[in-house]
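Listed next: structures, encoded as structure tokens.
Across the two complexes that follow, chain A remains constant while its partner is chain B and subsequently chain C.
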Partner chain A sequence: MLLSVENLIVKYGNIQALHGISFDVDEGEIVTLIGANGAGKTTSLYSITRLPPPEAPRVISGDIKYKGQSILKTSPDSVVKDLKMALVPEGRHIFGNMTVMENLILATYSREKDADLESEYKRIFKLFPRLEERKDQRSESLSGGEQQMLAVGRALMTGCNFILLDEPSMGLAPVLKYELFRTLKQLNEEGMTILLIEQNASLALHLAHRGYVLDTGEIVAQGSSESLMNDPKVKKAYLGG
Partner chain B sequence: MFDDFNLIQNLINALQWGSFYALIALGYTMVYGVLVLINFAHGDVFMVGAYIAFFVASFVLSVLGLPGWAAFIITIPATMILTSMVGVSLERIAYRPLRRKGAHRLYVVITALMCGLILEHANLAIFGASRKAFPPLIEEHVYHLGGVTFTNLKIIVICAAIMSFLTLQWIVTKTKVGMAMRAISYDKFAVPLMGIPIDQIIVTTFILGSGFAGLAGVLFAMSYPILEPYMGALIGWKAFIAAVVGGIGDIRGAFLGGFLLGAVEILVVAFFPSSYRDLIAFSVLLVILSLKPTGLFGIAKTTKI
Partner chain C sequence: MLRKYSVQLILIALGGIITYIAYQELVSLYILTVLMFMGVNIILSSSLNLVNGYMGEFSCGHAGFMCVGAYVSSVLGVLLFTKDKIFGAPLLNPDLAVYLFPVIIIIGGIAAALFGLLVALPSYKTRGDYLAIITLAANYIIISLIQNMDIIGGSRGFMGMKKVISNMEDVVYLPWMVIWVFVFTVGSIWILRRYVSSVFGKGVSAICQDEVAAEIMSVNTNKIKTITFMLSSGLAGIAGGLFAYIVGYVNPGSFNILKSTEALVMVYLGGMASLSGSVLSAILFTILLELLRPLQIIKWVVIPLILIVLMQFRPEGIMGNRELSDIFPKLKRFYRFK
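Up next is the complex of A and B:
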């Protein structure tokens, strides 16, 4: 397994957010965690990417392993630099005071010296032509959809081979949602491992190979996307009947 | 009596006086931009810089027996490096542990204030209350151009401030470290997600800010060669105000704010009794701030949902 989360119990302050969840992601897979607001999806991601205090959730017990090694003591920048995992956070968190191009350049901060960045920028602009048109604009002037593209493009420029996305479809017009999900599929076909967190369960299950359903800090269902889509309980609770 | 020469003369004086404010304000504004911390110890870091310059210059002149110009060339980089180390130590010893514990900003500001007082009183305890006379490093030449008088030292001070500003501006706009500084000031949360070690950027910020305070210390000691432990207090406060007037967090603002404060002070003295200087200078700044509370270059931050 590329990434395995084992019996993870996590607290935010005094509130227990995860009650011993386990899930895993294999190389080349698209795995999704679905569930309602407050189910613990974002907490799971933040635990993996080791965000610094005060955002960091406290792992009480359990383990997170990358290729069999515990990463609970890994720093957040090292998760990106050394483990090649990149998070596209909810709300995008692009650097609005900088241009689109500067956002992309900044993401290469810890790249190895011999990386062929020029061709990677070209690749990003091929995936998201709108970013090329606007590359010298301050990124806060972009539309919500363009900001999401930038957030994904920026994560790719870190040189990751595993991308974690937190609610990427939130606030996007339907057309842009499908465009983004098509791009994710294409990235996966090129070898990218993807862990996707979504409230839009239907959209997520259509893209993913496998899924886990989180409810108030516990995994209540898991399996292939088809089996989850056909599970009556999942259907009723998350897919609108 | 107000003629062209007089105006140019005052302008040169204002640029030189403002250069010190600008150099110190750069450090305030950079640390604020990255940590949202008003580093009230910064004025005293400037004072420590002046003392470091004193000891380095004295050592080079009397122990090594080198001539003044050599002492000048050695003292400037040595002081900048050593003062940077003071700034980095403050960050390590005082600010980082609080940051690790997620302390509220108020406590960090109070800590900064205490660090400044500790630097002042440690200086007083170790070197005593007697003032130190800074040795002359370069021969001062006075030039007359028309009715305007200026010295080589004034030109050096002004050039140093402008070069420091251009260097910083280049770092902040063109290098990845500088971009990371801007990124932290906008959205600290997302910076580690780019694979950027935040502490490394913070240390770089302290190196740069304290280094320029050290440069200001050398040049100030050369221009006004009397050193005392409290010399950094008032000038530090004023530089801080200059940074706020310019728009704290923006290095163009700090630079402009420094020169603006210098200009206001010099012009007040040119037309009013000198005891009015601080009263009128601060009143002008108060008016600027009440018209534009974010400072000259400050902008309100917006985020898109």
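Up next is the complex of A and C:
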């Protein structure tokens, strides 16, 4: 297993957010965590990436393992740098004052100097041609969809081979949503491991190989995407009948 | 060739001219002192701009670090090179002062940088208003500490630095203070410019904009905050050391919140995240203070008023996030400001 979360119990102050959840992601897979608001999706993700710094979720018990090694003591920057996991956070968190290109350059912050960055920029611009058109534009002037593309592109520029996405479809027009998910599919076919967190369950399950359904801090269903889509309980609660 | 090194040449020429003027005593001591204060203020404002402008934190205790640098280098100089009532005979040959003077100024800076940890460590978990209060507290902690240390004069202050300077002049007769203020000012600006334009320094502006985003771009925010705060307070310490030797007398009262405010005013006057703005505003502010000196205490009504008017009509300061080269693009031919 590339990443395995074992019996994770997490608290924010006195509030227990996760009641011992377990899930795993294998190399080259697309796994999705779906669930309603407050189910604990983002908390699980933040526990893995050790974010956000001031009020990071407190892991009470359980373990998160990357290739069999516990990563609970790893610092956030080292998760990106050494474990090659990149987060696309909810709300995008791009650097609004900087241009698109500067955002991408900043993503290479702690990469080795001899990495072939030029060809990687080209790859990003091939995946998202819109970003190339707006290369020198301040990124806060981009539309929501373009900002999301930038957030994904920026995560890719960290040189990751495992990308974690937190509700990438939020606030996007349907056309853009499908476009983004097609790109994710393409990335996966090129070998990228993806952990996707979504409220839009049907969209997520169509993309993913496997899925977990979270409800108020517990995993209530899991399995292959088809089996979840056909599960009457999941259908009723998340897929609208 | 000449174009490439024009800035270096101009600086060397400027340093030479100022030294020559001071050596020949072509201008009065008063004007020289004002020039030296300009240098000190340039270091102060540009180092504070690193924290307030580039990193986006609000530090309002900059004078505290200046105070540490001033006391450490003064006490060290007096202890090592002069015969003093309290410290007794000089520990080293007084003639060595001429070589070791920059070293004791830098030691003062290092001590101030260590005190910078007082602010750097809490900044891991707090930011914004709360951190501002911590910087204010740090300022008061430092002043109170010194006020209660009787061996270095307590609140009466500490003097004897003039003797160190005259020792230096006995060995080689040169306007040493003018030379060193100039060298340290240019050096500080050079360090700051290298820092903020380096790849590592990009992390500073990343923290300014979005700390979470900085973390997920593998920026080690704690490390950067520590280094930035220490660099900023270290340079303030160097400014303090120079200030102490220019005046020849220090007392803790002159490094209180009013002095910190002066530094803040210079930063906001010049514009956030603009080194050339900080330099420019430090020069203007020093001149302004001297021009308004006849007004005496009313000066402190007029200067804040000027600031209010400025903020009304030009809230981003003189330069506001830009460097000289952004306003006069032709300058880029001579010098890369960023």
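Here are some notes:
Here is the rule we use: the second predicted complex is superposed on the first by the 238 of 241 C-alpha atoms of A that agree within 3 Å, B and C clash if a C-alpha of one lies under 4 Å from a C-alpha of the other, contacts with A are read in each partner's own complex, and residues count from 1 in each chain.
Keep this in mind: a contact is a pair of C-beta atoms (placed from the backbone, for glycine too) under 8 Å apart; a residue touches a chain by one contact, two chains touch by 3 or more.
Just so it is clear, the model here is predicted, and its values are computed rather than measured.
After alignment on the shared chain A, the placement of chain B and chain C results in a clash. Of the two partner chains, chain B and chain C are each touched by A:Arg154.
Contacts of A:Met101 after superposition on the shared chain: neither chain B nor chain C is touched. Of the two partner chains placed by the overlay, chain B and chain C both lie in contact with A:Thr49. In the superposition on chain A, A:Gly144 makes contact with chain B only, not with chain C.
Counting residues of chain A touched by each partner, chain B versus chain C, the larger count belongs to B.
Once chain A of one complex is fitted onto chain A of the other, the partner contacts of A:Pro89 extend to both chain B and chain C.
Residues 49, 51-54, 75-77, 80-81, 86-87, 89, 93-98, 105-107, 109-110, 154-155, 158 of chain A are contacted both by chain B in one complex and by chain C in the other.
Contacts from chain C toward chain A in the complex involve residues 124-127, 199, 202-203, 205-206, 209-213, 215-221.
Of all residues in chain A, only 49, 51-54, 75-78, 80-81, 86-87, 89, 93-98, 105-107, 109-110, 154-155, 158 touch chain C in the complex they form. Put simply, chain A touches chain B in their complex at residues 49, 51-55, 75-77, 80-81, 86-87, 89, 91, 93-98, 102, 105-111, 140, 142, 144, 147, 154-155, 158, 171. Of all residues in chain B, those touching chain A in their complex are 100, 102, 176, 179-180, 182-183, 185-187, 189-190, 192-198, 301-305.
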